[in-house]
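Labels run A, B, C and D following the written order; every chain starts at residue 1.
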C-alpha cells in the first residue's frame, strides 16, 4: 500500500508551548488509521494543521507527492483532503439535502453558476440522494439540519465530508456526545465507507474502545509528540502507551 | 504656522472631544456588557440636554444641581427603556437592535419637539464659567477647561469603578460569561439594567454639559450618534480606553483638519475609521469577541 | 433572522395567481390612477430593487451593510452626469449600474475580509466617505445643490428603436419593465448553486471553506451584485426626479434599506419588495394625518421588532398557513417523528455550538 | 414562499385603496371650489422653527384674506408639509400637494430642496413662491437660463448676504478678513460675493483664513480658533439659526471680541438669532462689533403696513415674525394681486399679471424682475443692539443701500 499523506517534523507553538512537537508520520492508502492520545495530546491541533485550519511553525505536509503545507482549506479540499468537525458545523438553516448538495456542487465547480436553479442539477441531486441514502437520512432530506437529532446531525456531518469525495478524510472525534446506538451507526458507516476503498479515513479519538474496534493502524500522540505507531495488537502491548493511559486513568 | 497655534488648536480639539467621549463611553459600556448596539444613545444625549435646560434655563436651578437632576431623570427613562424594550431584543441579531433603537430615536425626537417645541434653546452661561484664561498668549474659555476636566475625571472614575470596585468586577465577570455569573448567583437582569442606566447617564452628562455653550434642539443627538459609533468602533467595541482614545483622536484630528485642510475636514473621520479598521479589524484596543 | 431557501413548492397555483394578480394590477394601474399614484408606485419599485439587492447580502449571505446608499448615490450621479451630456436613457442607466458595481468591487475588496458589526461599520464609513465626496466635489457634483435639470431622455436602443419616456406614465412602464427583469435575475441567482453557497456561507463560514467554497470570493460577488442593484435604483431616480443631491447617499438612506427589508421580511424572497410597498404606503398615509410622522413611524418600527420579527411576509405567512394551506392539500413534507423526540443532550449541545455562529 | 404571496396580496389591496383619489369639483368665479395653497418647510430637527415660521405666515395671510371675502369670492385653503430639509422629500411633497389640487406652492427652506423642485414645478406646471431658499442658481440658472417660469422668488436671494461689504468698506482700519462659513453652497457663495463686492471698493483688503462648518455643527471652537490664528480684523460668518447663536456665544467665551474690529453675522438679523442673543447684546458683550444682515427685519421699515403685520402676527402666534414668515405672508398677497389682475389661475396668465408688478409688503415695496422672476427689495443691515421698546434685541444703526449697489443683474456674469 502506498503512502498518500506524509507529515514531516510538524511543529506548532501556542505561545511558548508546543502543542504539536516534531511529529513525523504517514498515512497509507485505504488503511483506516487512528490517532489517539489522552486529552491535551495535541490531536485537534494536528488535525487543524492537516486540514489547513492552522499553518505549522516548522515541518511540511506532503499529500500525494504535493507539498500542501501552505495551502488554504478550500484548496486542499479540491485536492481531495478534507475533515469533519468535533464541534458541529453544519448549515443549520439548509435542508439535509442542501447540506450535502453544497459540497457536491463545489466539487463539480458548479457553485460559480449563478443563473441555473441548483434544484435542476439532476446529477448533483442524484449523487446527493445516494449520500443521503448511505447515511440513512433520505427521509429527512427536506428537513432543516437544525431540526435533526444530535445523532443524525453527526451522520450528516459525516455525509458532508464524504460528499466532497475526499481521497483522505480526517474525522475529529466523530462519536463525541453520542449514545451507544447512535455511536454504533456512525462507526458502522465509517467502516463501510472505508471498505469501499474510495476514501481513506483517519479517525482522531481519545476513546480507546472505538479505536481498537475499528482501526487497521494506530498512532499515539502524547504531549504533542508521537509516542508510537503500530497495529492495534502491538499498541495494546506497548508498555509506554499503557503507562501513558494508565497514568491518564490514575490522574483522571 | 507657529507651534503655539498648533498646540492651541489641539487643546481646542481636546475640549470638543470630551462631549464625544462622554457619549461614546456609555455606548461602549452598554455594548461591552449587554452586547447591545444602542442607536438611541444619542437620544439620551438630547434628553439629558433638555432636562438640564429645563431645570437650569427655565426653573433657574444652579447648573450643578440641574445636571444632577437631569442625570437622574434620564436614568429613570433609561431603566424603563431597558426593562420593556431592550431586554426582549438583547439576544437578537445586531440588525434588530439597531432597528428598534432607531425607532426610539424617531420617537424621542418627536416627543421632544412636542414637549419643548421646535425652537432651539440656549440658557445663559453661569457667572463662574464666563470669560477665559490666557494660554499660549491666547484666551482659552474657562468652560472648555472645565469640560476637559470633567471628561478626564469621568474617565478616572469609570476606571476606578470597573477595576477597583466589587461591582465593577462583577460587571466584568458578567460581560465575560453571563451564564457563569448567573450560576454564581449574580442577578444578571438587574445588573444589565444598572449598566444600561449608567450608560445613558453618561450620554445625558454629555448633553447636559453642553447646554451653556450649545443649543438644545430636537434631533441634536442624531448628528452625534454616528460619530460616537465611529469612535467606539475604531477604539474597539466594549473598550473604555478605546473609546477615550478614539474620542480624543477624532476630536483633535478634526480640529487640526479645520485648521490645516478645511476643505476635506468633512471626510476626515470616516477616513480615519476606515484606515484603522483595515489595519486593526477589531479597533485600536478591541479584542475579537466570540 | 436568516433566509431559508424557498421550499419545494416554489411555483404553485396559488403563487401564479398572486403573481399574476400583482402583474395585472401593475399593468392597469396607470390607466385608472393619478400620476401621483403612479409616481409613488415608481418609488415603490425602485425601493424594491434597492432592498432586494441589499437582502442578497443581508438575508442570504449574512452580511449587514450600512453603506448601500453610497452605491445608490453613485448610480444616480453617474446616470445624471451621462444624461446631462448624452441624452440616452439606456446609456445613463447602464453607466450608473456599471459605476456602482465598480465602486462596490473596490469597497468590497476591503470590506468582505470582515464580518458582523465590523463589516457593518466599515461599510458605514466607506458609505459616508462617498457621501462626503459627493458633497464636497462641487465642480463635478454641484455640492449640496446637486445636479439639476436631468432630462428624462428617450430610450434609445442604439438607433434601432427610440421610445420616448417623457411623461410619468411612460416612465412608469419603463421602470416596471426594468423592475421585472431585475427581480427575475435576482430570483434566478438566489436559487442557483451560487445562491446556495451564499446561504452556506451565512450559516457556517468555516464549514463552507471545508466543502471547497471560496468564501471571500463569493462574499465579494454578492457585495458587487447588491451594489449594482443599489446603483440601478439610483440610476432610475435621476431621470425620474430630474435632480440628484448628496443626501441620497447619506447613511440614513442606507438605513432605509435595512428598515424596508426587515419590514417586509428577510426570510421570503419577495419580503423586501413587500416592505418597499408598505414603507411608501405607511409613510404616505401617516404624513397626511400628522406633522408628528416620525413618532408614528418610530412606534411602528418598535412594535414591528418586538412583535413581528419575521416581517410582514412572515406574519401573513402564518395566517396564510393557518387559513389557506390547511384548507388545501398538505404541501409541506410531514415533520419527521424524530424531530419531536430528539436526543436531549444533542439538541442542547447543538444549540450551544450554533450559538458561536453570528 | 406562501407568506410572500399572501403578503403581496394584502399589499395589492392597500394599493387599490390608494388609487381612489377624489378630485375637486368646480365652483366660484374662477371655476374652482377653493384656491389651494400648498406649503412646505422643515418641521423636524434643529431647524424646525423655520418651516413653522413659513406655516404661520401663510396661515395668517390666508385667514385675513378669507375674513375679507377671499380672492374674487373664492375662499383660500392651505395644506402644509414637512420638507425635512431633504430634496427627495420636497419633491414628493410637491407632487402630493399637486395631487391634492394645489394651485400655488409656497415655501421651502434649503437651496438643495429648491433646486430639486425646479424641474418638478415645470413638469407639474404649478407656480411656487419661494420664501427662504437663497441660492442664486434658482433664479439665474433655472429661470433666466433654463426658462422654468413656474419659479417665483419673493424672499431676497443670497445677494443680500453680501450687503455687509458696503458697510465695512467704510472701515479703513479693517483690512484682514476671514470667514467661518457654512460648509455648503450657501456658505461658499455668500463668502464669494462678499469678497467680490468688498474687493471692488477696497483693493487693499486681504482675505486671510477660511474655516468651514458643516450642517449641525455643535462645537465651533475649532473653527473660531483656526481663523483667529490668522489675526483677522473682521470675520464674515454664515452659519444661521441656532448655529449662529452657538458660534457667537462660543466666540464670546474665547474673547474674540477683544481681538477683532467687526464680526459680520450674515443672517444674524433673523428673529431666532436675535432671540438667542438678546441677553448678551443687552449686556453689550459684543462691544458693538456685531453687525448683521437679514432678509427682513421686524423693526424695519417703519410703515403702517409693517407695524400692522408684526402686531397681527404677534397677536396670532405670540412670536415675532422672521423673514420666512414675512415672505410667506407676502407671497399670499402677491398671489392675490396677480390672480385678481389675471382673473385666472393659469400659469401664463399669472406670470403675465406678475410682469413689472410693484407691490407694497411688510418688508417694503417689492418689484418683480421679469427676466428671472426675482422680487427686488432692499433690506438694511445694521448693528445688533437692545431697544426697550422690543421684547428682543434688534438691528439698529441701520444702513440701507439701493439694491443696484449689490444685487446681480441679467445677463448674470459667472461667479469666478
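Simple rule for what comes next: contacts are C-beta pairs under 8 Å (C-beta built on N, C-alpha and C of every residue); 3 or more make two chains touch, one makes a residue touch a chain.
What you are looking at is a predicted structure, and each value in this text was computed from that prediction instead of being measured.
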Omitting subunit C while every other chain stays put - resulting connected groups: A | B, D
Each chain counted as touching subunit C and subunit D at once: B
Furthest chain, CA centroid comparison against subunit B: A
A-C against B-C, pair bridged by the larger set of C-beta contacts: A-C
Inter-centroid spacing, subunit C versus subunit A (mean Cα positions, whole Å): 40
Euclidean distance of C-alpha centroids - subunit A vs subunit B, Å: 50
Rounded Å distance between subunit B and subunit C, as computed from the means of their C-alpha atoms: 33
Whole-Å separation of chain centres (CA-atom averages), subunit B against subunit D: 35
For subunit A, residues that touch 2 or more chains besides their own: none
Residues of subunit D engaged with two or more neighbouring chains: 43-44
Shared interface positions of subunit C, touching two or more other chains: 7, 135, 294, 356
Pairs of chains, among all present, that meet the touch criterion: A-C, B-C, B-D, C-D
Residues of subunit B touching subunit C in the complex: 37, 85, 88-89, 92-96, 98-100, 102-107, 109-111, 113-114, 226, 229-230, 233, 237, 263-264, 266-267, 270-271, 273-274, 277-278, 281-282, 290
Subunit C contact footprint on subunit A (complex, rising order): 51, 72-74, 77-78, 82-83, 85, 87-95, 98, 101-103, 105-107, 110-119, 121, 139-140, 142-144, 146-153, 160-161, 163-164, 177-179, 182
For the subunit C and subunit A complex, residues of the former touching the latter: 2-5, 7-8, 185, 188-189, 191-197, 199-200, 202-204, 206-215, 218, 221, 333, 335-336, 338-339, 341-343, 345-347, 349-350, 353-354, 356-357
In the complex, subunit C residues that touch subunit B: 1, 58, 64, 110, 113-114, 116-118, 120-122, 124-126, 128-129, 132-133, 135-136, 251, 255, 258-259, 262, 292, 294-295, 297-302, 304-306, 309, 356, 358
Interface residues, subunit C side, partner subunit D - complex: 6-7, 14-15, 18-19, 21-22, 25, 29, 32-37, 39-41, 43, 135, 138, 143-146, 148-150, 168, 241-243, 245, 247-248, 264-265, 267-271, 273-274, 277-278, 281, 284, 287, 291, 293-294, 310, 312-321, 324-325
